[in-house]
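In the two complexes below, chain A is the common chain; its partner is chain B in one and chain C in the other.
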Partner chain A sequence: MRLHFEPRPTPSFAMQVLAPVAALGLTVAVGCVLFALLDLDPIETLRIFFVRPLSSANGVSEWLLKASPLILIGLGLAVGFRANVWNIGAEGMFVIGAICACGPALAFGEGGHVWLLPLMALAGAAGGVAWAAVPAFLRVRFNANEILVTLMLNYVAILLLGWLVRGPWRDPYGFNYPQTAIFGPSALFDPLVGGYRVNTSIFITLAVVAAAWVFIQWSFAGYRMTVGGAAPAAARFAGFRESRAIWLGLLIGGGCAGLAGMMEAAGPLGQLSPTISPGYGFAAIIVAFIGRLHPFGIVLGGLLLSLLYMGGESAQIMLKLPAALTRTFQGMLLFFLLAADFMIYYRPRLAGRR
Partner chain B sequence: MDVAIAIVTGTVIAATPLLFAAMGELVVERSGVLNLGIEGMMLIGAVTAFSLSFAGYPAPVAVLAAVAAGAASSLLFGVLALTLLANQYAAGIALAILGGGLSGFLGRNFGAAPIEPVGPIHVPVLSEVPIIGPVLFGYDPMVYLALVLFGAVWWVLYRTRAGLVIRIIGENPQAAHDIGYKVIPIRYATVVFGGAMAGLGGAYLALAYTPLWVENMTSGRGWIALALVVFASWRPLRVLLGALLFGGVNILQFHAQSQGIGVPSEFLSALPYLATILVLVLISRNRRMQKVNFPASLAKPFRPGH
Partner chain C sequence: MGKDPRGQGAFLAAAAAGCAGGAMTPRLELRGISKTFPGVVANDDVSLRVMPGEIHAVLGENGAGKSTLMKIIYGAMAADRGEIFWDGEPVRIPSPAAARQLGVGMVYQHFSLFESVSVAENIAVAVDEPFDLPALSARVRELSQRYGLPLDPGRLLGHLSVGERQRVEIVRCLLQHPRLLILDEPTSVLTPQAVKRLFETLRVVAAEGCSLLYISHKLEEIRALCDNATVLRRGAVAGGADPKVASSAELAALMTGAALPETRREPARPEPAPRLEVRSLNVTSEDPFGVPLRDVSFAVHPGEIVGIAGVSGNGQTELAALLSGERTVPDKDAIRLDGEPAAHLDAGARRDRGLAFVPEDRLGRGVVPLMSLRENAILTAHRLGMVRRGMLRRFKANAYAREVIERFNVRCTGAAATARSLSGGNLQKYIVGREIALSPRVLVVSQPTWGLDVAAAAAIRQALIDLSRRSAAVLVISEELDELFEICDRILVIYEGRLSASRERGETNVEEIGLLMAGMGADPGAGMGWVAGQAMNAGEAANAGVGST
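The block that comes next holds the complex of A and B.
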């Protein structure tokens, strides 16, 4: 008897749903081995990673606060990934969104206006869209690979932020620290519940979840993009233009990431400094895949990756483990997910020896 | 004159890690596989080489270990992309993220501790000749290793049967399979070679270029190596040219920063990334030229017998 795999007649829906669960299980299993190698009690470490962060109201607030940008960026990326547009520049678009939102906030200073926050949101999203327009234009017009262009622009965006907070935007009363002045109250989202950091910007994310669901599931533009990604030849035959999908995929991704950057600046940060993202733009790629590129799945994926971030912080404080451990787990999660996805298209069969 | 010599030698040194990684990826891509995870493999190579050197092992041991670590990490990609037929873009991105995280984790205790760098060779007489001495005979051994490997890759790809098979597989895996070549094992071999070369590139960064461990010390060189392969239109000689070009941009901005020419350092630091984009645009706009050596099966999963 010999085990072999044969293609399934149709992709398995059950495996679509089970693959992320299996990936999480495998990541935790390898994590336990890693903890044991570090002379840590695996069960206790898992408790510190996954239970301790959520065992207080403040923990839940932080969980939602971190999940919100991950979900928002993941939604935008998923629209592109569905059309085979490989945007790995969300990190840069997030940073540009925060920068563009910071402009009006600094201009108003302590004084404020009811329209300041909407203006900042608009500026953040527009900044992300503009940053994403560069790779879209270069891809459509010059055939330049969007993966490499979006990635290179991440570095450029982070350097631009570094220059702004060390140079023209440095807080004159900030003791020479590389950071901007703290935003005035009208440039900040209100807390959802007094005393906790989670804020009203979470409603923006929820609205975008609904909008993304409508776009992907119900709109013709969304349908055209999905066909273009899954079957490019069929899409061309039907007259769906590839360039349109590239533009839409990248611009929507940029808009969402830019908005997320604005929400971070006008939320937990309240000012800009050289590093404003703990890698949300990259983690959101994993969120999109874990969520099966579906809006509701992405919500769950965002909650999971947010929990991983918090677990990593908790392990940093309690066990002195480095922050890079979080990224190791993120990478493992995507790795095992892609491995488990094999079972969507193939099924095991036992065959007799011939 | 001294500045000119420093710029030339600096360019060669800055080009070396790119040359290692890009020549490896060139072979991988010529066999029809796209591994986007170079950045991760380079970092794993770098942290491996650094930790062994830090522990007191001689440089050749550290370099060999980095080669092994790079190759091993590429196998993770290989299993996903070749055996489990995963999307190669996603699998490469997974490797890039995993390599970045894992290397940061493994290097957590190094702080900014320096190591003894791999120093330049000294050829009696020749190294002392003015100008020619430093420009031709004043590098560390790994620079020469990179050039030797460059020649070897060119020779294998274009002058041997193995190279022909690799190119056929990249062009049409089904046909290669039909005439009896084992597509998947051969692709595994090219992927592992690519990983070993990325490991070498990482080792060069950690042992010679900046002999200390900094998290994410490759700062995008793995991605620039990918761009170099596109820039080169999948031809070895142009990979060498591209690596020198990028090494040059890097060194020029570095010199400009140290001279203080009144431009903010962040703008100069952004130059290599902007140059990559510019070069990609200039090369990619000529679609016809890009097609000549483009491996037709690039990034398409292949399952024998189906």
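The block that comes next holds the complex of A and C.
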């Protein structure tokens, strides 16, 4: 008897739904082994990781607060991924979005203006779009690999942020800390519920979820991009231009990431510091894939990854586990998800005598 | 090819069978072979007998289960039920290696060869013996001489014509001293003259006692070559026949369960102004082993069907991509639509001007494999009101897909079925149907009935004729000469990237076109013909049936 895999005639719908669940299950299982090796009670550790963070109203608030940017970035990336545009520069676009939003906020200072927040949102999104235009142009004009260009631009953006908060934008009254002044009240989103950090920017994310769904499912542009990603020769056959798909894919990804950066700066942070992102731009790649590049799936993926972030913090505090544990879990989740995805298109079969 | 002395082959086979021993033990016998795939019965209680030295045809439409049956014999697939006897002994064939051990050789329809290494090296890869290139080359030379398959073992495979590549595959099998040789649609890539040569070779092979299983859907060939035929229909044996006695119509009736459909055609009344015009198109290929097009010129008028014949790999792929707009050229005037320059326009812009195109690759080019048929309708039919203000009107796409499915009798589970779930023939009907339903002004079709069953092919040919008679300009690029003669009003031949002058169908014949396909015709047309002997090597000369032994 020998196990081998054969292609399915049609992709299994059940597996499409089950794959993320199986991936999560395997991640938890391997996590338990990991905990056991660290001499921790696996069940208790899992409870600290996945249950404790959500057992208070504040926990739920933080959960949504972290999920929001992950979902927003993931939606933008998914549009590109569907067209085989591999943007892994969302981290940099997120940072640029935060920087661009910070400009008007600092310019207005304490005074503020009713239109300041929309202006910041516009600036943030525009910043992300502009940052994404660089790899798009290089890819379309010179066929430069967008994976490398977007990846490298991440570091450029992060270094630019570091220079700004240590140099021209450093808060003169900030005891020389590398951070900007705190934004005025009109440059900040209002809390959703008094006393908790989750804020009204979550509605922007919800609106983008709906917009992304319409774009992917119902727009001709979204259809063309899906065709380009699924069968490039068919797109050429139909006369759908690849360059358009590359531009759209990267710019939408950049716009969403930039907007998420603005929401982070004008939300929980209220200022810029060198470390404004706990790796949202990279985690959103996982979110997009867990969500099967579908807007509603991405919402679930974002909530899951957000929970992993919180579980990691909770484990750090309660169990003195290293922060790298969060990344480990993210990595395992993506690894198992890609492995489980295989089962959507292939099925196992035992070859042997009948 | 139908007038070949068949008696000779039968005589030799009978002689060989006689030599093998008085008690006639079948070389191969299948009893009650069944194989089921999810939702499909590929083989249903199939029994079959092949005697030593017999050339046995396995005849059937696409999807009749021929390939599955051959895979089972070759060990590439296991049967669910049934027994296989080899020389009277029950055997199990769990793998192709085991099949080769028994003495089964297989020549696939699609070659598995490496273009960047030599003929001998290609053969060495497949032979289970120590690597000794000089010795192998000598054997290849000796063998190819004996069977009339001229082949230079030192040549780079990428430089070989398709016919020569097939010889490599056959020699590769013969080197293993097979006792049963399976050939899957071996003539689909050959000129009529090369088919004759191949048949001579096969008769010699059979006369030496090797049994042949010959898979095909071409009735004339089977009648010319085979001693016996087993006809499969929907996975089951529909009957056996003596192809020397049975008529093509009888065989077709066995195969399809119905009479052979005939195409109806009125005489063409082409309009004077050409709708598609190509003027001295010179293009190098993007593929290193591709064929550059040299000074290609022709025109297609509304109301006629023009065919481009040629053995595959002579520039058809390049020409099709250039006509469809998948590839563009800067010289605007090289291709004109309705008298307007169009060579610089991409596929979408040309479609906006009324051009439609059916590519030779179906999955992944003609359709997106994982998308449903209705989503695939949008691919080219979005111009028919399926998009409003940038938004899809999916109900329109659905209606369009259903109309195509019904009108062209596409067998599928409905408009929601993924393109990948359709059989090749049904998918082709869908793609051709989708393009015809666009009511194009110009339709370019590449290999319209490649791999299709008789009924489906006839339906598509009829649809092409009907479209042209509604004053569309239709261009068909095909390797099937019979097809071109059936539907085309004029025929041109492509050879090594050059196009011959056009010939009225009534004023030419299969022999003349066949010679042109081999680069042999002295073409008086417009100074762009080729002369016999030009750019030719010994292999191709033999390929064309000239100077043969």
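Quick note on the criterion: the second predicted complex is superposed on the first by the 351 of 354 C-alpha atoms of A that agree within 3 Å, B and C clash if a C-alpha of one lies under 4 Å from a C-alpha of the other, contacts with A are read in each partner's own complex, and residues count from 1 in each chain.
Everything that follows uses one rule, which is that a contact is a pair of C-beta atoms (placed from the backbone, for glycine too) under 8 Å apart; a residue touches a chain by one contact, two chains touch by 3 or more.
Note that this is a predicted model, so its numbers are computed, not measured.
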Partner chain(s) touched by A:241 [first = chain B, second = chain C, both, neither]: second
Which superposed partner A:113 touches (first chain B, second chain C, both, neither): neither
Contacts of A:148 with chain B and chain C, given as first, second, both or neither: first
Which of chain B and chain C A:227 touches, first, second, both or neither: second
Partner chain(s) touched by A:349 [first = chain B, second = chain C, both, neither]: neither
Partner contacting more residues of chain A (chain B vs chain C): B
Residues of chain A that lie at the interface with chain B and also at the interface with chain C: none
Residues on chain A engaged by chain C in the complex (per definition of touch): 9-11, 218-221, 223, 226-227, 230-231, 233-234, 236-241, 351, 354
Parts of chain B lying in touch with chain A, wherever the complex brings them together: 36, 40, 76, 79-80, 84-87, 89-91, 93-95, 97-105, 108, 215, 219-220, 223, 226-227, 230, 264, 266-267, 269-270, 273-274, 276-277, 280-281, 284-285, 287, 290, 306
Touching residues on chain A, where the partner in the complex is chain B: 7, 86, 88, 138, 141-145, 147-149, 151-153, 155-156, 159-160, 162-163, 166-167, 282, 285-286, 289, 322-332, 334-335, 338-339, 341-342, 345
Contact footprint of chain A on chain C as seen in their complex: 37-39, 78, 80, 324-326, 346-351, 357, 359, 361, 364-371, 375, 378-380, 382, 387, 390-392, 394, 418, 420-421
